[in-house]
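In the two complexes below, chain A is the common chain; its partner is chain B in one and chain C in the other.
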Partner chain A sequence: MKIAIEELAGCSGCTISVLDLHEQILSLIQQAEIVYSPVIMDVKEPPEGIDIAFVTGAVRNEENQERLKTIRKRSKKLVALGTCACYGGISGLSMLSNSVDIFRCVYQEVETGKAGNPLPQEVPSFLYRTFAVGDIAKVDYYITGCPPKEKYLQTILPALVKGDTVQLSKKSVCSECDRVMGSVDKWHLRRRHEGIPDREHCLLGQGYLCLGSVTFGRCGAACPHHNIPCQGCNGPSLDILREPCRDIFNMMIRRIADLTGIPQKSLEKEMYDVAHVMYPYTIGSLIMEDKEISHIRDLIKEGSSQ
Partner chain B sequence: MTQISINPVTRIEGHAQVLIDLDSTGNVQKAHFKVVELRGFEKFLVGAAVEEAPRITPRICGICPTSHHVASAMALDQIYGVEPPPTGKALRELLMLGQYIHSHALHFFMLAAPDYLIGHEASRGERNVLGLVKVNPDLAKKAIEVRKTGQRITEAVGGKPIHPATAVPGGMSHHLDDAHKSALYDMVKGSLAIARDGWAIARELMEKTDITFATITTGFMGLSNQGTFSFQDGSVQVIGADRTAIGSFRGTEYLNYIEEYSEAWSYLKFCRRIGGEYYRVGPLARLNLVNRMGTPSADEALKEYRAKFGEFVQSTLAYNIARYIEFLWACERALQLLGDPIVTGDKTRIAVDTVKNRRGVGIIEAPRGTLIHDYTVSEGGIIEKCNLIVATCQNNYAIDRGVEQIARGVVANGTLTESGTNRIEMAIRAYDPCLSCATHALGQMPLRIQINQNLEECRR
Partner chain C sequence: MIDIHVDEDACNGCGLCVKDCPMHVYELQDSTAVPVKAGDCMGCLSCHEICPTQALEHRGVYPSRRHYIDLRVCEMLKRVI
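Right, the complex of A and B next:
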């Protein structure tokens, strides 16, 4: 059994999450040979005959695209590992402006930069947008998470290597959260940093935009458990993924309206910074953008025309 | 044009190329460290609700997310005009210590050690942490154990081992309970014993260190708390290549010292001092700036380090030893802190409401060097301007020159051997570069070594 880990546009956190199997990695490498993983070893190109390739990161430039094509050809099974590979991840936020504006900002306009600094030219070009791996290559399995959690990788990876299937929860973050709904009589929207939320009650019920109900679980509701509203880093919940008429934004609005009785229209008006608050991990996903009710298209258009 | 490319250069975080131009006789004309990735966080954070920054910026890097998380939260403290309570501060320090233990152990044992313990002549398939499992299983297990300790601290304090979430403006969102504290205390105790034993390995490497390898003479920059090692307290000290004190800064004063320039052939910006002098950051710089580490074993190690390299060190490979001393320090300091009841206090944060200052600057020593997050926000707390100064940009010039120096030595008659390739990679690896951090990258490409021979040579 030969396995490989490829890195596209991302942060290497998913490779670290594999190392975070800790001592269990020793038994994993007895059953499977890691033949390629540039962060941890010196093999320079993915070899032929890979049984399972884990691809992490989004596809943002031509080089990412080429690497994805190569590893797809050389592997029997391809796993999109992590939220960037599954939904574009945080790199998708770069679509909020065009690449020329990004370059000018980074090299010339930041306060330590200079107007005369050259813009890089002899470097790979960006594609016209961010893609998730599944937008341009056949994916056999998806493992979401930013990054995927140790507890689940401990179950998933040995099973994949053996060719077994495992039954895991397909529910949302809320299903793993221990909070209960409190009173919503005086509900008003709060920014995520305002005040100190109480530890017992639902964060959404307390006025915070906690994305738990629209986000796929398998994180143990780590953020709500630590008194932090969910930011959606595991990607959309299955109902949103499957239903064309459900999207992160509209399901959040609908849920708050159901909870509080406040009309949806007035809630929509209250929402702020929808790109970074609602879509930071999914804005680069073609599947999420293609929903008729998605706000992603408008956000990209607005940003890139500025 | 003849191109010999080695693709990717490995056991570093992120992706880039080394480009070596040869003259007609097959000798090195010039060589560059070329990074081909950019993500543009400085641009796409503009327009963001600023409270989202501490959770978006860790995604710059999966190896040192905590540094971005905490630097970002520190900038937010200033924007909301609050000082975290003592327990909040202590928990942030503990979170950073978890990061140092994991990141430095990862680099020393898993990324760099294979060069020394397995060697240049070993095959590519063997010279890595998995090879280490075969040749020295006991050491590999210990490396796994200590890195696990670091990640467990981060998980307990930060909510998650990678991309922690609990640092908020005003402190920390979650308190550490006694059960977790005791479990961490025991783990750190075990790791400290491993770290103390491991000094024998680091010492052996130190004795064998080639002090001229990829060495370059530069100034240095880093935090120092009145001569004692610190990654969060005190001010950033700036010293010249001849060890003269140039100055020190806090907050926006960094703008008086640092400028960035770019080259058309790389996405990675270069930092230098205003006025043009080059400087380096990270473990080598920090140890050059302090008188003492402040913990017993690390101070002993520092003495030995100075007996070998001197009080003021320019040697590039000394980075690896300096990094080990910091790792040892982080284990000792974590044990001290976990023995202090302050970490289990209830008051972890102060509530914040509206923007009090339109600008906030968080400065911290990330494992790889000085990290600056500078945000300017609207009255409503929306980011209007953002500047991120990260370690690897500041070391970019030194890495670039080190690569050329080694390339001149190992390329002969237009050919580059496998072990020569690894020597060039070692010059890069010494800095433990983090290219995702350095470019806050948009799309990336692996570190390649390419040799460009001019066309005539190719035809011959």
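Right, the complex of A and C next:
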């Protein structure tokens, strides 16, 4: 059994989360040899005859696209590992500006850059948009998470290698959260920096935009546990993905409206920075963009025309 | 007969199903939704849509065939581990 881990437009955190299996990785590599992984070993190209290839990161430039094509051809099963591979992840946010502005910012305008610095000419050029891996290649399994938590990888990876199936909870972050709903009488929208949230009660009920109810679980509600509203890093919950009339933005608005009695229209007006607050991890996904009620198309159009 | 099952570990007692149900099937008891009048349920599944924790399960309800399906979504759903 040969496995490979390919890196596309991502941060390598998903590969590190495989290493986070700690001593269990020893029993994994007894059954499966890791033949290619640019982050953890020095092999330049994926060999032929890979049994399971894990792909992390989104497809943002021509090189990513080529690498994805190659690894798909050379592997029997392809697994999208992590939210970038499943839904585009934060690489998708680069669609809110154009490549010239991004290069100018990174090479010249940040604190460590200088105004006269040359812009890179010989790097692979951007595709016209970000893609999730599943948008342009056949994917056999999806494992979401930013990164996927080692607690679940400990169950999933050995089963994948053996060819077994696993039964894990597929519910939302709220189902793993220990908070209870408090009073919503004086509900008003609060930015993250406003006040310190009460630890006992639901963050959404307190006015913070916590995406727990629209986000796939598997993180043990780690952020709400530490008093931080959920940012949606596991990608959309499966009911949002499944139903054509549900989207992250509209279900958040509906839940707040039902909870507080405030009309949906006035809540929609109150929302701020929708791209970064509602869609930071899913803006690059064609599947999420193609929902008729999705706001992603408008956000990209607005962002890239500025 | 519709059998309503509430996953008590998942339910966070937000009460959205109590507010949302047109037939007033649910009640909150000790911060958990309880289907006290399950016999009144008409199977609209509106509570499924609003439940933030996906704690509800209705046995014996068969939603009508959808008018719209996205094959890519169905393919992806099958493959999420």
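Keep in mind that, in the parts below, the second predicted complex is superposed on the first by the 297 of 306 C-alpha atoms of A that agree within 3 Å, B and C clash if a C-alpha of one lies under 4 Å from a C-alpha of the other, contacts with A are read in each partner's own complex, and residues count from 1 in each chain.
Note that in this section contacts are C-beta pairs under 8 Å (C-beta built on N, C-alpha and C of every residue); 3 or more make two chains touch, one makes a residue touch a chain.
Everything quoted here is computed from the prediction, not taken from an experiment.
In the three-chain model built by superposing on chain A, chain B fits alongside chain C with no clash. In the superposition on chain A, A:15 makes contact with chain B only, not with chain C.
Look at A:172: by the touch rule set out above, it reaches chain C but stays clear of chain B.
Of the two partner chains placed by the overlay, only chain C lies in contact with A:212; chain B stays clear of it.
Within the superposed three-chain model, A:146 lies in touch with chain B and out of touch with chain C [touch as defined at top]. In the superposed model, A:31 makes contact with neither chain B nor chain C. When the two complexes are overlaid on their common chain A, residue A:264 makes contact with neither chain B nor chain C. The partner that reaches more residues of chain A, of the two candidates chain B and chain C, is B. Taking the two complexes aligned on chain A, the least Cα distance separating chain B from chain C is 21 Å.
Contacts from chain C toward chain A in the complex involve residues 7, 9-10, 12-16, 19-20, 31, 48-50, 52-55, 68, 70, 72-73, 76-77, 79-81. Across the complex, chain B meets chain A through its residues 6-8, 10-15, 34, 36-40, 42-44, 46-49, 51-52, 55-56, 59-63, 65, 76, 80, 106, 110-111, 124-125, 127-130, 133, 140-141, 144-145, 147-148, 151, 159-163, 165-166, 168-169, 173-174, 254-255, 258-267, 269, 271, 349, 351-353, 374, 381-382, 385-387, 389, 422, 436, 440-446. Residues 7-17, 19-20, 22-23, 25-26, 29, 34-35, 38-45, 57, 59-61, 63-64, 89-91, 93-94, 96-97, 99, 101-103, 105-107, 110-114, 117-124, 126-127, 146-147, 149-150, 191-196, 219, 222-223, 225-228, 231, 233, 272-273, 275-277, 280, 303 of chain A are the ones that touch chain B when the two sit in their complex.
By the touch rule above, chain A contacts chain C in their complex via residues 134, 139-144, 156, 160, 166, 168, 170-172, 174-175, 177, 179-181, 202, 204-205, 212-213, 216, 237-239, 241-244, 246, 254-255, 258-259, 287, 290.
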